[in-house]
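Chain IDs A, B, C and D follow the sequence of writing; residue 1 opens each chain.
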Amino acid sequence: MIKNKHVAIIGGGIAGMEAAAVLAKQGLKVTLIEKEAITGGKLNDWHHLFPDFFSPKTVIDNLIAKTNHSGVNVVYNTEISKIEKLNGRFELSDERDTKFYSDAVIIASGFRLFDATLKEEYGYGIFDNVITSVDFEKLMKTEGKLLTAQKTEPKRIAIIHCVGSRDAKTGNTYCSKVCCITGIKQAIEINKILPDSEIYCFYMDLRLYGLNFDSLYLHAQKQHKIQFIRGRLSEIAERFDKSLQLKTEDTLQGRPLRINVDTVILLIGMEPGASNNLFTKNNKVTIDENGFMKPINMHENRNSSTHDGIFLAGTVICPMAVNESIENARAAAFEVISYLEKNKL
Amino acid sequence: MYSEIIKNLKTDVRLTEALQACMNCGICTAVCPAAEFYEYDPRSIAVSVQSENREKIIDLLESDTIWYCGQCMSCKTRCPRNNCSGLIISVLRKLSQETGAFTKSRMGRQQYLILKTIGNNILSRGYCIHPTTVVPETHPEQGPVWKWIYENMHDVYAVVGANLDCDGPGTMRKINSIDLNELNNIFIVSGGMKFFDTINHFSKLKAIEMGMVDEYGEADMEKYTQYLLQE
Amino acid sequence: MNDFSYLKPASRQIDFDKFDDRLLLYVLKYELSFATCISCGGCTATCSAGNLTNFNVRKIGLWLRRGETEKLSEEIGKCMFCGKCTLICPRDINIRNVILLIKKRISMLKTEKEMP
Amino acid sequence: MEIKSKIKWSEYNKEIAEDHFFFLRSCIRQNFNPGAEKAFISILKNNLKKDIFDDARHTTCTGIGYHTDIVPFETMQTMIARQFSLMTEKGYKNCAVSCITSFGSYNEILSTWKEFPEELAKTRDYLKKATGREFEIPENLSHGCDIIYKFRKEIAAQSNYKLINIETGEPLKIVDHIGCHYSKIFPEKGVGGFEYSKVLTEMIQAWGGQPVDYPERRHCCGFGFRQYLVKSNRSYSISNSRKKFESMEPFKPDAIITNCPGCNMFLDRWQYTLAQIEGKTYGGGTNGIPVFSYEELAGLILGYDPWKLGLQMHQVDVEPFLKKIGVRYDPELKFVGINGKYINEPLFTGCLK
C-alpha cells in the first residue's frame, strides 16, 4: 500500500502547497517543510496577478485551506540543506540537524529574485527613485500609492525590461519570461492611480507568450496611453533635482535617446534558488547551466530530477507564472504516486 | 580587390572576441559618443557584420560610416552579450585600408593625414605626439596658454623639470638612435611598415585618379594633402 | 579672436524634454488607434508610394511619436492615399487617416490657425 | 558563450603591486602636462619611498597609432613586448603605466595572449627577429592612478593641505572623470570596476574633498582619436565634452579630477573653446572649472610648488583653486622661464577675457 508511504516536500510556496494537498488527498503522509513562518512564499508580497488582476491572496488562501483540509503536516521555520538516501529512504536535514525521513522527495524551493544592485549602471540601492517590480508590488499592497522619494507624485515613470535577464554581464543569459507581462500589468496599475502621468516601457523584445497577454498590451497602449520604446536601457543617472536621466537607443529610429523621469521600476528576473547547489550534494540531483534544477527530460518529464525518487515542482525548474507553477506541482504529485506504486514492494 | 572578403574578416582574432551573436538591443548606441554626433549606430555595424552579407560589408568598407567611431569602447562595457562594436570597427578599418576601399570615402581618406602626422612622429621621434607638431595655427582650440608654451617651449618645459629633446631619461627626452632603430625594425618585421606603405600606395592612386599629378605624371601628395585638409 | 567656425557642437540624441508634441496630440485626439502601433512595418511593405519613392510609412509613425515635425512636413506629401496600409495593419489602425491628420495639422501650423 | 560570475563591483578590488615599478610614459601627458609625470616619480620616490625605474630606452606603445588604425595590432603587440623586454632586462616585474590608452592596450594584449597563445608566440618571434630581444610577461600591471589610490592615506598623512575651502571649512566638491580605456574594456582591471570606479573618488575623500556624481560622469571626454587629430572632425570632440559640462554644471564643482592624460587636456581646452563659441562658461565665472590629474592633485596637497608641477600650463587658471585650499605660492613666478627670466605671458588664462 502506498498509503503508508511518506513524502517530504521542500518549500511551502504555491508549488509545494499544491503538490502536498494533492498527495495528502490521495491518502499519503505528507510533510511540507517551509523555511519561513508562513506558507505562500514570494506570492505573499504580490498585489495583483497578470493578466486579469486576480488576487494572489485568494490563490494562497485556497491553497492553505486545501492543505489544512487534506491533513498535510506543515513544518515552519525549517530550511532543508541536505538530502541523502540512506537504506532505501531519504533523510532530509537542516543546519540544526533536524531530520525528516521519507520515501520520496519533492523539491519545490522556488526561485531567488535577481539582486538589482549587481546591475550598478541602473543605480538600484544608489538612487532613491529606482525601485524594482517587487518593491512596486509591496508598495501597492501596503500603501496603494506610488510616490517619489521626495514624496511627490511622479509625472514620468519608466519601466525597464530584462533586468538581470538575457544578460551575460550578470551571468543570466536566459529569459525570465514573466517580466514582460508583469511590466505591462504594472504600467496599467500606475496609470489607474496616476492618470496624468506618462509611462514608458523600455524593451528589447516583448515576449507576451500567454493567452490574453498580447491583448493586455493592446489595452495598455489604447486605454492607458502606455508608450513602448524599443531599446535596451544602457544607464540611469541621478540629476541635481533627484530626477533620473535614462539613456537608451530608440532602435527603430537608430538614434540615441535621453529621457528624464521621476521614478524607475526595474523588472527583475527569476534566478535559481540559493539552495539548489546544496541539494546536488550527497545524491545524483543535478543543476543545468543556469543553475536551475535539471529534469531528466524537459519535454516529457520535467518533474523527475536526475535522482530516482527526488522530484521537482515549480520554479526550481525554470521561471514560471503562478498558474504554470501550480499545474506543474500537480503533475509532480502524479509522478510521485507513479514512482511509489512502482516501488511499493 | 574584394575576393574572400568574409574570410579575411574572420581571420582577425579580434573579431572572435568582438562579436558573439548580437541581439540588436541598442544598448551600445545609447551611450556611443559617435552616435551622439554623427549619423552612426554601432548596433547596425554589429548586425551588418553578423549578416556576413558581402555587399553590406563592402558598402561599409567604402563608407564614411566606419570612420565615425571614436574608439572609446563604451559599447563594450554594457553589451549584454559581451560584444564590442568598437573592436569590430578596428577590424573593418584594417580591411578597408588593406583593400584600398578607404580612399572611396572622405573620412577614410583622412587616414593619409593621420599617417603623415602620427605615423611620422612614431617613426622619427618614438612618440605619437611632440609639442612642435601641435601648431597653434592649426590648433586654435588649444588656446592662448598653449600658444605661450609653444612660443617658449624650451623654457617652459625646462622649468617644470622636463628633459625636452635631450639625452637620458625624463619627460619628453629624445629617443636615441639605437632605440629608434629597434622601433623601425619592429615595424618592418611585424607588418607595420608594410601597412604604412599600403596606405601611401592607395592614397597615391587616389591622388592620380583625382588628377593631382606633378609634371612627371607622379602623384602630387602635397596637393592631395591640401585637398584632404579642405575636404 | 580665433576662428572657431570649424567647430559646430551638436547632438543627434533624441531629448524627450524638447519633444514637439503638436502633431502627435492632434492625431491621437482624432485617431486614437494610432496609439497601438507596434512598428511592424506591414504598412511599409505594401505601400504604393513606398514602391515608387523612398517614402516609409512606418517611419512616419516613428517621427510622429518623436515630434519630428520638420521631417514629417518634408515626407508627408509623398503619400498617395491608396489606403492599402490601413487594410493590412494588424493593429487595425486607420493609417490613411493618421496621414491625413498629420497633413491637416501641418497646414494648420503653417497658417498658424488653431482648430475650433 | 562565456557566462561571467556575478561580481559585486562595489566590493571589488584589483591587485596593485606594493613596490618596484617599471615606469612607462604617456605621449600625451608628457607633452601637455610634463610636470605631472615628473611629480609622479617624485611622489613615489621621495614621499612614499618606493623604487620606480625610468628607463630612457622605452618609447611610445603606439596606442594612438593603433586606435587611429594606422598601426596594425601585430605591430603594437611587438612594441609593447619590447617595453616588457626592457623591464625584464632591468629585473622588474611590475609596470606602472602613465597613460590610459596604453593601459587599455597593455590589458588588451595581455588578454589576447592568454586567449590566443599563438599570438604570443608570434609576438615573441617578431621581437626576436627585429631586436634580438626576449621578454617576460609582467606580474602586475597598474596604472599610475592605481598606485596613488593604493597609497592615498599615506599621502594624506604627509599632506600640507586638504581639499577643504579654508574660508568656509567646507570640503571642495570635485567631479571625477575616468578615462574610457581604464576599465570600460576590462572592468576587472579597474579599482571598483567601471560604473562606480572608486579609484579617484576615494582619493578625493582621503584628501578631504567631497566627490560629486553627475549624470554624464561615464561619458567619453570626446577625444575619439581620429575625431580630434583631424581638424575637420573636431566637432565630435567638442560636442561630447560639452555634454559633460552641461551635465556637471548644476552641481557647481570646484574642480575636475581625471586619471587620463588626454581627458585632462581636452576637458581643460574645450572649456575655453566652448566659452569662446558660446560666450559663457559652465562654472567658475569667466575662468571655468580647473582640471587636475591625480598626480597634480597629490603633488599640490603634498606641498609641491604649483609652477614646478606645471599647473601654469593649464588654460583654466588654477590660482582660484590654490587660494581656496590655501596653497602658499608665488604668483610672480607663474610665467617665468629658466633662471627666473621673463618670457612673456599668455594672452590670457581662463575661458573668457
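In this text, contacts are C-beta pairs under 8 Å (C-beta built on N, C-alpha and C of every residue); 3 or more make two chains touch, one makes a residue touch a chain.
It should be emphasised that the depicted structure is a prediction, and the values quoted were computed from it without experimental measurement.
Going by the contact rule set out at the top, which chains touch both subunit A and subunit C?
B, D
With contacts counted as defined, which of the two, B-C or A-B, has more C-beta pairs across the interface?
A-B
By mean C-alpha position, what chain is farthest away from subunit C?
Following the centroid criterion, the farthest chain would be D.
Which whole number of Å gives the spacing of the CA centres of subunit B and subunit C?
So the centre of subunit B lies 39 Å away from the centre of subunit C.
So what's the Cα centroid distance for subunit C and subunit D, whole Å?
Centre-to-centre distance between subunit C and subunit D: 47 Å.
Return the distance between the CA-based centres of subunit A and subunit D, expressed in whole Å.
46
Show the residues in subunit B shared as contacts by 2 or more other chains, in ascending order.
31, 35-38, 81-82, 140-141, in rising order.
Counting only residues that touch at least two other chains, what does the list for subunit D look like?
In subunit D, residues 1-2, 4, 195, 218, 231-232, 234-235, 238-239, 243, 273 touch at least two other chains, as defined above.
Pull out every residue in subunit C that's touching 2 or more other chains.
Residues 2, 4, 7, 10-13 of subunit C touch two or more partner chains.
Report the topology of the inter-chain touch graph, choosing from line, ring, star, complete and other.
The chain contacts form a complete graph, every chain touching every other.
Once bound in the complex, which stretches of subunit D touch subunit C?
Those in contact with subunit C are residues 231-232, 234-235, 238-239, 242-243, 273-274, 276-277.
With touch defined as at the start, can you tell me which subunit C residues reach subunit A in the complex?
Interface residues on subunit C, with respect to subunit A: 12-17, 32-33, 35-36, 38-39, 58-59, 62, 65-66, 91.
Please give the residue numbers of subunit B that touch subunit D in the complex, ascending.
Within the complex, subunit B contacts subunit D at residues 12-14, 17, 20, 31, 33-34, 36-38, 67-74, 76-77, 81-82, 84, 90, 93-94, 97, 107, 110-111, 113-115, 117-119, 122, 126-131, 134, 138-149, 151-152, 154-162, 164, 167-173, 175-176, 178-180, 182-183, 185-192, 195-196, 199, 229, 231.
In their complex, what parts of subunit D are in touch with subunit B?
1-2, 4, 25, 27-28, 30-31, 34-35, 37-38, 54-60, 62-65, 67-75, 77-79, 82, 104, 112, 115-116, 119, 126-127, 129-131, 133, 180-181, 184-185, 187, 194-195, 218-220, 222-227, 229-236, 238-240, 243, 269-270, 272-273, 307-310, 312-315, 335-338, 341, 343-349
Of all residues in subunit A, which touch subunit B in the complex?
Result: residues 121, 162, 166-169, 204, 230-235, 247-251, 254-257 of subunit A touch subunit B.
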